[in-house]
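Pasting the structures here.
Common to both upcoming complexes is chain A, partnered first by chain B, then by chain C.
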Partner chain A sequence: MTNPVLKNASYILVHAPDMIVHNGTTATVEKKTNQNSEYLEKLRDSLRSYDEVVNYAPNQVFIGNRTPESLNDLAMPWYTQPVKGDRYGKFGEIMPQDEFICMMKISDVFDLVKLSQSFTTELKTKLANHKLFSENEINLLKEGEPEETILSLVVDHHSEGIYHDKKLVGCVKKAHDFDTNLNAHVMFENLVAKASGVLAVKHLMAQTDISFDEVEYVIECSEEACGDMNQRGGGNFAKAIAEGSGFLNATGSDTRGFCAGPTHALISAAALVKSGVYKNVVVVGGGATAKLGMNGKDHVKKGLPILEDVLGGFAVLVSGDDGISPVVNLSLVGRHTVGTGSSPQAVITALITQPLDKGGLKITDVDKYSVEMQNPDITKPAGAGDVPEANYKMIAALGVKRGELEKAELMNFVKKHGMPGFAPTQGHIPSGVPFIGFAIDQIKSSELSRVMIVGKGSLFLARMTNQFDGVSFVMEKNKSENVCAENSGYDESQVKRLIADAMRKLAENLTE
Partner chain B sequence: MDLENQKRVKDAVELYGAENVVVIIGASEAEAAGLAAETVTAGDPTFAGPLAGVELGLRVYHACEPEFKDEVNSDLYEEQISMMEMVLDVDEIISEMQTIRNEFCKFND
Partner chain C sequence: MSRYDGKKIVIIGDRDGIPGPAIQECLKPLDCEVIFSSTECFV
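Showing the complex of A and B:
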């Protein structure tokens, strides 16, 4: 059995200001229930520009241009402290809305997305400059539709409008006359999840030496559901993203668990690799339009810009042992069980100390914990506090109760073993996974030796159970010695040739 | 406060009477605890849920307040809540809860 390793991780953001207004649940519910609301009046004036989003320090951390710890040097609120940002980062990019709208069209295989002729012409030129898009993909944009056709589809045929710079530039058509699970709104959300997942995979594959043909399985772990009226969550985003990414030898499936989904998916992927079922598994999660501007009312009320203005996406490649990349230690998996209970103390025990106890480890033996990494700039004004800091305090407090830490050391632990939150509040996106890219690099460079990834999910929101949920796993420095390491100078094919030569000579001697 | 929880509180009051209902809050921030307490006493301040404009004036306490802590099994409290007590700004939460109770609670006991 091989050790599963996390080889690469990608992170993308999509600036989506018009989608906040037309597709985010906070704005759309307000339109339905209170059309003349003060919030809707102020919303447009509270949106940030693309440059402001790029120069926002937490976003630069998310795509890998700055470390999470660098945020400690910036005074809060961070939106008042612009930095010099780049569109592209080590792990991915911050894509502008117009280009992403084209990605929705490129990702659509049922001809549901219609874009106007003028928008299509303009964007074809723009997208041609993107190094990750092929000519074939750009040709999928076709020539576009007359603007009257788009308007008629929205006004007369229940299509969901696609807006850019306050203008109608396209639409998503309904995929069925009566099926609510295939209506234009649901198709819009699902195409966004698919397209942002494909974008994350593009950036993942640009980083790795594994070829597209070597990917055998994809696990998708967003919080959307695709299906029809006979099977609401029938699936399957994973295979759709695999197709859109050109993984000809892959199939896949969707894993769900609210915000804990990605960590569940990564544990499953690691187990599949360890057991030898698949050699290379991609775990991917796209973004959610519904959550755009989710806490917008609180932000606007307090005079802040709408900070939930980006879609998020990520992808992680889980492979067999390469002798270099951090290993997923599957003997240190934590899980919140049905019998665990819902008190924070019980939850933290199940997710943090129970797995550590299996390996005879103390809380302080883990160098960094990646928990719910929500950006506090967003959550504090909404009354939810600093979520990662609260998590680190809870872990530290449990350490104090176990006698592994002095009470006076509590805040030092938070600083040393934690980090500031930097991820957008896109549910599954901030949950555990945002630090994996940094963890891969910092474990490889021996800056860190052990990192715990913790995913938690609020299952009760689906009204199927009152249960909370969570799982965790530990990434460790690769200590393999018997593996064909990339830089070891060991060439497996050369060894095979030498053995073959020796066998041939032996056979020749025997026949003589 | 979650709209579903507002409905549950409202239903409980209709079933058992306001004088027989005590609400225990577990929010981790004083502001969030205060908003939840305000909802079950003066009504939903966001005017979004079933308790909008409904002044129930219920007895309401945070799980870290002595009124609750002294009533429950100390071993169980130690097992379930003591860790959070170390993490939360308990003084700030108590002050917020007392302010809301003094202003809106209908049961002065």
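Showing the complex of A and C:
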């Protein structure tokens, strides 16, 4: 059996200001229930520009241009402290809305997305400059439709409008006359999840030496459901993204668990690789339009810009042992079970200390914990506090209770073993996974030796159970090289002696 | 005698703080009635 490793991770953001207004649940519900609200009046003026989003420090951390710890040097609120940002980062990019709208069209295989002729012409040129898009993909945009056709589809045929810069530039048609699971709104959300997943995979594959043909399985772990009236969540995004990404030898399936979905998916992927079922598995999650502007009312009320203005996406490649990449230690998996209970102590015990106990480890033996990494710039003004910090304090408190940490060291633990939150509140996107890219690099460079990824999910929101959920796993430094060296009987000092002897003999021969 | 005796209680818990069922459990020994308990997710 091989050890499963996390080889690469990609992270993408999509600036989506018009989608906040037309597709985010907070704005759309407000339009239905309180059309003349002050919030709706102020919403448009509270949107950030693309440049502001690129120069927003937490976004630069998300795509890998800055470390999470660098946020400690910036005074909060961070939206008042612009940095010099780049569109592209080590892990991915921040895509502008107009280009992403084209990705929705490219990802649509049922001709449901219609874009206007003028928008299509303009964007074909723009997208041609993107190094990750082929000519064939750009040709899928076709020539576009007359603007009257788009308007008629929206006004007369229940299509969902696609807006850019406040203008109607296209629409998503309903996929069935009566099926609510295939209506235009649902198709819009699902195409966004698919397209942003494909974008994350593009950036993942641009980083790795594994070829597209070597990917055998895809696990998709967003919070959307695709299906029809007979099977609401029939699926599956995974194979659709695999197809859209050109993984000809892959199939896949969707894993769900609210925000905990990605961590569940990564544990499953690692187990599939370890067991030898598949050699290379891609775990991918696309973004959620529904959550755009989710806490916007609080932000606007307090005079802040709408900070939930980006879709998020990520992808991770799980492969067999390459001797270099961090290993997923499947003997240190934590899980919140039905019988665990809901008290913070029970939750942290199940997710943190029970798996560590299996390996005889202390809480302080994990260098970094990646928990709920929501950006506190977003959550604090909304009254939800600093979520990562709250999680770190609970872990530290349990450490104190177990006698592994002095009470006076509690906040030092938070700083040393934690990090500031930097991910957008896109549900599954901030949960555990945002740090994996940094963890791969920092474990490889020996800055860190052990990182725990913790995912939590609010299952009670689906009203099927009152249960909460969570799972965790540990990434560790790859010691395969040492293991190989030990097994081979290699002795460095002996080799040096042999080389020295050989050199001495050579020198003696030359002088004779 | 506690401040909750004879009271009707509404619980709104937080997933990343103290969830509703945990608060409810703490109130069990007291002479009060939990008429609503929920856990909210703010993220």
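Criterion: the second predicted complex is superposed on the first by the 481 of 512 C-alpha atoms of A that agree within 3 Å, B and C clash if a C-alpha of one lies under 4 Å from a C-alpha of the other, contacts with A are read in each partner's own complex, and residues count from 1 in each chain.
The rule we apply is simple: a contact is a pair of C-beta atoms (placed from the backbone, for glycine too) under 8 Å apart; a residue touches a chain by one contact, two chains touch by 3 or more.
Bear in mind the structure is a predicted one, so any value in this text is a computation, not a measurement.
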Which of chain B and chain C A:468 touches, first, second, both or neither: second
Partner chain(s) touched by A:383 [first = chain B, second = chain C, both, neither]: both
Touching partner for A:374 - first (chain B), second (chain C), both, neither: second
First, second, both or neither for A:458, with chain B first and chain C second: second
First (chain B), second (chain C), both or neither touched by A:410: first
When both partners are placed on the shared chain, which of chain B and chain C touches more of chain A: C
Partner chain(s) touched by A:430 [first = chain B, second = chain C, both, neither]: second
Which superposed partner A:269 touches (first chain B, second chain C, both, neither): neither
Partner chain(s) touched by A:344 [first = chain B, second = chain C, both, neither]: both
Set of chain A residues, in rising order, touched by both chain B and chain C: 341, 343-344, 383-385, 390
Footprint of chain A on chain B - complex, ascending: 28-29, 31-32, 35, 79-84, 86-87
Residue numbers on chain A that touch chain C, as the complex places them: 259, 295, 341-344, 372, 374, 379, 382-385, 387, 390-391, 425, 427, 430, 456, 458, 460-461, 466, 468
Chain A residues within the chain B interface of the complex: 341, 343-346, 348, 383-385, 390, 393-394, 397-398, 400-401, 407, 410
In the complex, chain C residues that touch chain A: 14-22, 25, 38-39, 41-43
